[in-house]
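Look at the two complexes coming up: chain A is in both, with chain B in one and chain C in the other.
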Partner chain A sequence: MTAETADAILPAKRSSSVRVLKLAETVAIPVGAVVVSALLFSVFLLIIGKDPLQFWSLMWTGGFGSSFSIQNSLQRAAPLILTGLAFAIPARIGLTMIGGEGALVLGGFAAAAIAIPLVSNVVPPIVTLPLMAAAGMLAGGLWIGLVGWLRHYRGVNETISSLLLSYIAIAIMNFFVEGALRDPASANKPSTLPIGDTYRIGSIPGTDVHWGFAAGIVLAIALWVLMSRTTFGFAARMTGGNARAAKAQGLPVGWLMVICCIIAGACAGLAGFFEVAAIHGQANASLVAGYGFTGILVAFLARQNPLAVVPVAILFGAIAAAGGVIQRRMGLPDATVLVLQGMLFVVLLVSETFYGRFKFFQPASSGDRV
Partner chain B sequence: MDQLVTVLIAMLGGAIRVSTPFMFVALGETLTEKSGRINLGLEGNLVLGAMVAYATSYLTGSPWLGVLAAGSSGLVLGALHGYICKLPKVNDIAIGIAFMSFGTGLAFFFGKPFIQPSAPQLDAIHLGDWTGNPALAQALQVNPLFFVGIIVAIAMWWALKNTKWGLIVRMAGDSAASAKAMGVSVDLVRFLATAAGGFMAGIGGAFLSLSYPGIWSQGLSSGQGLMAVALVIFARWDPIRAIFAALLFGAAGAIGPSLQSIGITQGYYFFNAAPYILTLVILVLSAGSKASAREAPGELSITK
Partner chain C sequence: MSFVNLSRRTLLKAGAASLAASALPFGIARAQTAVVLGIVYVGPKDDFGWNQAHAVSVETLKALPGITVVEEENVPETDAVAKSMESMINLDGANLILATSFGYYNPFVVDIAKKYPDVTFRHAAPLWNKDTDPANAGSYFPYLNQAHYVDGVAAGLSSPSGKIGFVAAKPIPSVLSNINSVLLGARSVNPNAVVQVIFTGEWSLPVREAEATNALVDAGCDVITCHVDSPKVVIQTAEGRGVKTAGHNASQAPLAPNGFITGAEYKWETIYKAYADAIAAGETPPNFLVGGYHNDMLRNTAYGAGATPEAIAAADAAIAELKAGTLKIYKGTLKDNAGNVVVDKEYDNYDPYLDGMNWLLEGVQGSIT
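Right after this comes the complex of A and B.
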């Protein structure tokens, strides 16, 4: 782990062939993990008496087979890019922050809540939507910022606190949605007042994919630049490599952690905003869709690289998009996707043990690297 | 006044019922963490255990067989966790998250057909019939697993302190180097402790589906497995303190339903969130405390 981090911090020192080998290794091992878990899942399907070939071909047609399904996949990838970033950024500074789900829900709720007075006073969408997005990002950012603060200044484990805060965030939304902010017309599914069609954020021209997808790509690029091309990113990665050494160097470790967490929460909160402004039109229990948790897996498969988060999120968007078709056509329960994801997750983490183990990826003279 | 008594009695009964799964998960996690490893994935064991117990009880008609099956399913997940964690470069916290989602996914997948039918439940022991107070009698219908948990806690406390095995587990947790110097295989000790911890968490799941709330559904556990992990830190890795901590958590979880029993439904969602808020507050208080730092197993990554 430390040898890898040192490499990541000092890229200039490596010769290009070492770099290519390193890149090949970071691509080959996750791809290998995907293949192995696909095989394992096929065995699982065979055991329960289903046809794996049918499963994978349905997965392909449901995810990428037609322009409709591709757009569906991209639509579902949008929140996953943002929640993937929400896990990846704190991970770079050494935090295992898994509260993206709560930040998404709270962000979506904050966006829907601030929209209620704005919509009723007919404030134009061009003003309302940015305010909603800001509210979502602020709510998510502060929520996860608290995780970073508790971690550094109170020594509270960030993994546990972030998951607890997720449950609390969902309870806060339920409290308001079923109480003070409930739309009386929402009988079966308590919701906030709908924002109405004029306030919906549209699609990217020429597609049915909402703007959240574009926002996710822009943020992924921006955060990649931030984390690998700026002093801030350098300091953050150094802290992630060795917090004690970073502190000894006089880096403001606490603030770096809090800021990384605020960025993460803002990403997840923005995902919540897009879910409200583009998909649901109001805040309700539908916001708790597991995007936050799938985002963790997305970030792991992308090896916490903000740019790699985008293609991996599209892959998982496709899996989610194909899930419905697979359920109907093969008579499998909706938890099938959960089993597949869980298996992939475990295999992926096991694959971490193979870094540096394959001679093929090691430079010929590796005397200076342990 | 009467209403206050009603609420307090309901909270007593609730604390006993709600605390049992916490107790089992926390005891399992205490053992695992004493050996120097953390298993954050016990939520997965809990949910899978609940499903397996319910399905076994429904198919065989024997709830106790269900308890055993639930423990076994937890044992398998725990053993997998323990095996994977000993591979180099593998992060035990991340593996815990993965097993949380894998266990839950398996439970939802295989549990689908068992959501509707009702399975035979574990019989409670009626401890309060002599009081002549129906509310109190109902609160004191205690499931035998509650007592099993207490016995296990006392046994674990005694064994960790007084036996050779207890010493080996504590040594693996406090200093891997000195355990190795004594010729103890740290990996093996941690593997066994993680598997045993998984077994306990599986039994905690059996309580959820076979006693209280006594159904199998996908929303059965919402983070109880995770809260129990936090509870271990609060109880400072002591099995006896873990019992009291579990009762406290149980009481917090029982506030909402107890108030509902006298017709107060306002703030129901707030009281639902009470156990999570309590856990967080407790974590903040205990993470900073010197006593906690002193008693934490030295090899534990979560307290470093």
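Right after this comes the complex of A and C.
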């Protein structure tokens, strides 16, 4: 059934077919961008004298080719889902908030810091871990909430303030980790007191993937519902579309921005909690691993859609997972996958201009009907 | 090419097949005694420093029969290293894993070693604890401060002013010992020598390393040495300022054709060769392996244009004594630069007391706080 007949016969279905076309467009353009960047990258490989077929087949082997590889990809995707959400949510309200790295670090640090008295008093993990998670989310949320507050009440550019606050967050962590909260046993790598194996949050049963991955998926769904199915989400998106118009409509623009920033910071802070509780068992400089910045790329590729953040994060996890095997088998430097990521990013930015340009995705003569 | 397509098809067919199955099609894991050595670096392999020192050493193993080397660079000290090691085991059939960065050990090497008891794991810092850590894990670490002592001897006789500048990363025991050893080496040939130190606070912070180098040269130092992950920036900046240099970790001689004296280098291949031989013979390599000049784990870079003939003679003599085990670096009564006595007897070069060093000797200008 074509779109025209559907529209003519069943007006109720017309909007759903428009919606299908729109969905097809939002899927096809990013997928097309991924394909184009893959082709461009193949040309790059040919220029440096490497075999693109071998590259892509290793990419498959390392990212998805076995149950080990799949789990490897998912585990690496876990923090990226959360930091991707940390960029995506403020983006929906029109803020370019790039401080996820700082919120992650501070969240991880807060979780490790609150664990010190709890662990030393042998508070059971069932109480300790939720408190650690809450501390991580609170620290991250307040930190990025500050960005939103500065933006609305003082007019400070949120991109710059969030980036600079990241460096401050890292410095705060280093200050405590190398000073007051340093575990005396960590002579050569200053760290907080380890929480110990009993307090480490385990893996999802039957896998090697830690619980941060599941938390990311739940949060992505919850935030998608919040942003697309609630009044709050509508108000936030309206503000993102035109803040002045939203204000004229009586929306509390400032609070919406602050709340979106708090949500974003809490996502990144939660990622920090999982880094501490599932992986490191303590806070130290290893928390500064760049997940916050990769999350920006993830959110961009997902077009700031919380649901799309999940598969995109898995794609980036797979690229990272396969990066190792590509280095080992093809003798390519580690920077190779960065080139791939960079190409992906640039092609994706270009592809943003193609929305609405393809006739195929436009409902027939939609202009006078919609 | 063909084996890649085959493997891909095999893997596709296998779907979520067992981990072991995925390792088979690549044919890297051959006979049981074949060594597949997987090595993980925290930075680039060509960093003129810590990582390059390891990479140069495994390069010498690649030519040997029965050894396959798989390498991965720029692996951060996060779960990424756990997954990289697992990937080497599952996809490449690695049976010897060398984790070369300090922060890899706990929890990553410990956890993965527990998970793969048949694979041998060795880590480049003296962290393995025989009571708590898995038996298939272990540590290796040469005491580089012996080679820094030699640097100090050569620098003391190559520096007209006797003022040596030291760009240091963090005030932790292994770094402090290198600084103090440079001072003691220099004072052994020039009692008036001093070392001025600047800490950058990070293992790799090129901008601050360049600033520190310039500041030290401005302060009158005419020999610059360092302990940072990649000494490239320090050595090049110092060479550009026309002062002499002493290296660290790997050979930086090509970076300073005019002023290079010598450098403290690790000789990791001694250790790696021993490990590979043990595994090939079906034996367990030693769990804890530390050493220095006396067991061929260190070397000093070939003397450059900056070394005077007297410096070369004195440094060669010091090396000979270190190899023979007759030279003890920390001995007599030594005060720290706050006036407290920190050494009141002759310590063996591997004495555990020195591992906890938290002082700079009198003669070192700088503070660890």
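Following the convention adopted for this analysis, the second predicted complex is superposed on the first by the 353 of 370 C-alpha atoms of A that agree within 3 Å, B and C clash if a C-alpha of one lies under 4 Å from a C-alpha of the other, contacts with A are read in each partner's own complex, and residues count from 1 in each chain.
By definition in this document, a contact is a pair of C-beta atoms (placed from the backbone, for glycine too) under 8 Å apart; a residue touches a chain by one contact, two chains touch by 3 or more.
Remember, predicted model here, so these are calculated numbers, not experimental data.
Trainee: Does the superposition put A:R328 against chain B (first), chain C (second), both, or neither?
Mentor: second
Trainee: Would you check which partner chain A:L53 touches, where first means chain B only, second means chain C only, and both and neither mean what they say?
Mentor: A:L53: touches chain C, not chain B.
Trainee: Where does A:V122 make contact in the superposed view: on chain B (first), on chain C (second), on both, or on neither?
Mentor: neither
Trainee: Just checking: does A:I168 make contact with chain B only, chain C only, both, or neither of them? Give me first, second, both or neither.
Mentor: Only chain B is touched by A:I168; chain C is not.
Trainee: Taking the superposition as given, does A:Y355 touch the first partner, chain B, the second, chain C, both, or neither?
Mentor: First partner only.
Trainee: If we overlay the two complexes on their shared chain A, which of chain B and chain C does A:V43 touch? Say first, second, both or neither.
Mentor: Neither partner.
Trainee: Where does A:V346 make contact in the superposed view: on chain B (first), on chain C (second), on both, or on neither?
Mentor: In the superposition, A:V346 touches chain B alone.
Trainee: When the two structures are overlaid on chain A, which partner does A:A180 contact: first (chain B), second (chain C), both, or neither?
Mentor: Neither partner.
Trainee: Following superposition on chain A, which residues of chain A contact chain B and also contact chain C?
Mentor: In the superposed arrangement, which is not itself an observed complex, chain A uses residues 333-335 for both chain B and chain C.
Trainee: What part of chain A is in contact with chain B in the complex they form?
Mentor: 1, 96, 98, 150, 154-157, 159-161, 163-165, 167-168, 171-172, 174-175, 178-179, 293, 296-297, 300, 333-336, 338-343, 345-346, 348-350, 352-353, 355
Trainee: Once bound in the complex, which stretches of chain C touch chain A?
Mentor: The contact residues of chain C facing chain A are 1, 4-5, 7-8, 11-12, 14, 16-19, 21-22, 38, 44-45, 70-80, 83-84, 86-88, 90-92, 102-103, 106-107, 125, 172-174, 356.
Trainee: Which residues of chain B touch chain A in their complex?
Mentor: Its residues touching chain A are 40, 80, 84, 87-91, 93-95, 97-99, 101-106, 108-109, 112, 222-223, 226-227, 229-230, 233, 267, 269-270, 272-273, 276-277, 279-280, 283-284, 287-288, 302-303.
Trainee: Give every residue of chain A touching chain C within the complex, in rising order.
Mentor: Residues 51, 53-54, 57-58, 60-62, 65-70, 72, 75-76, 187-189, 194, 210, 275, 279-281, 284-286, 289-290, 320-321, 324-325, 327-328, 333-335 of chain A touch chain C in their complex.
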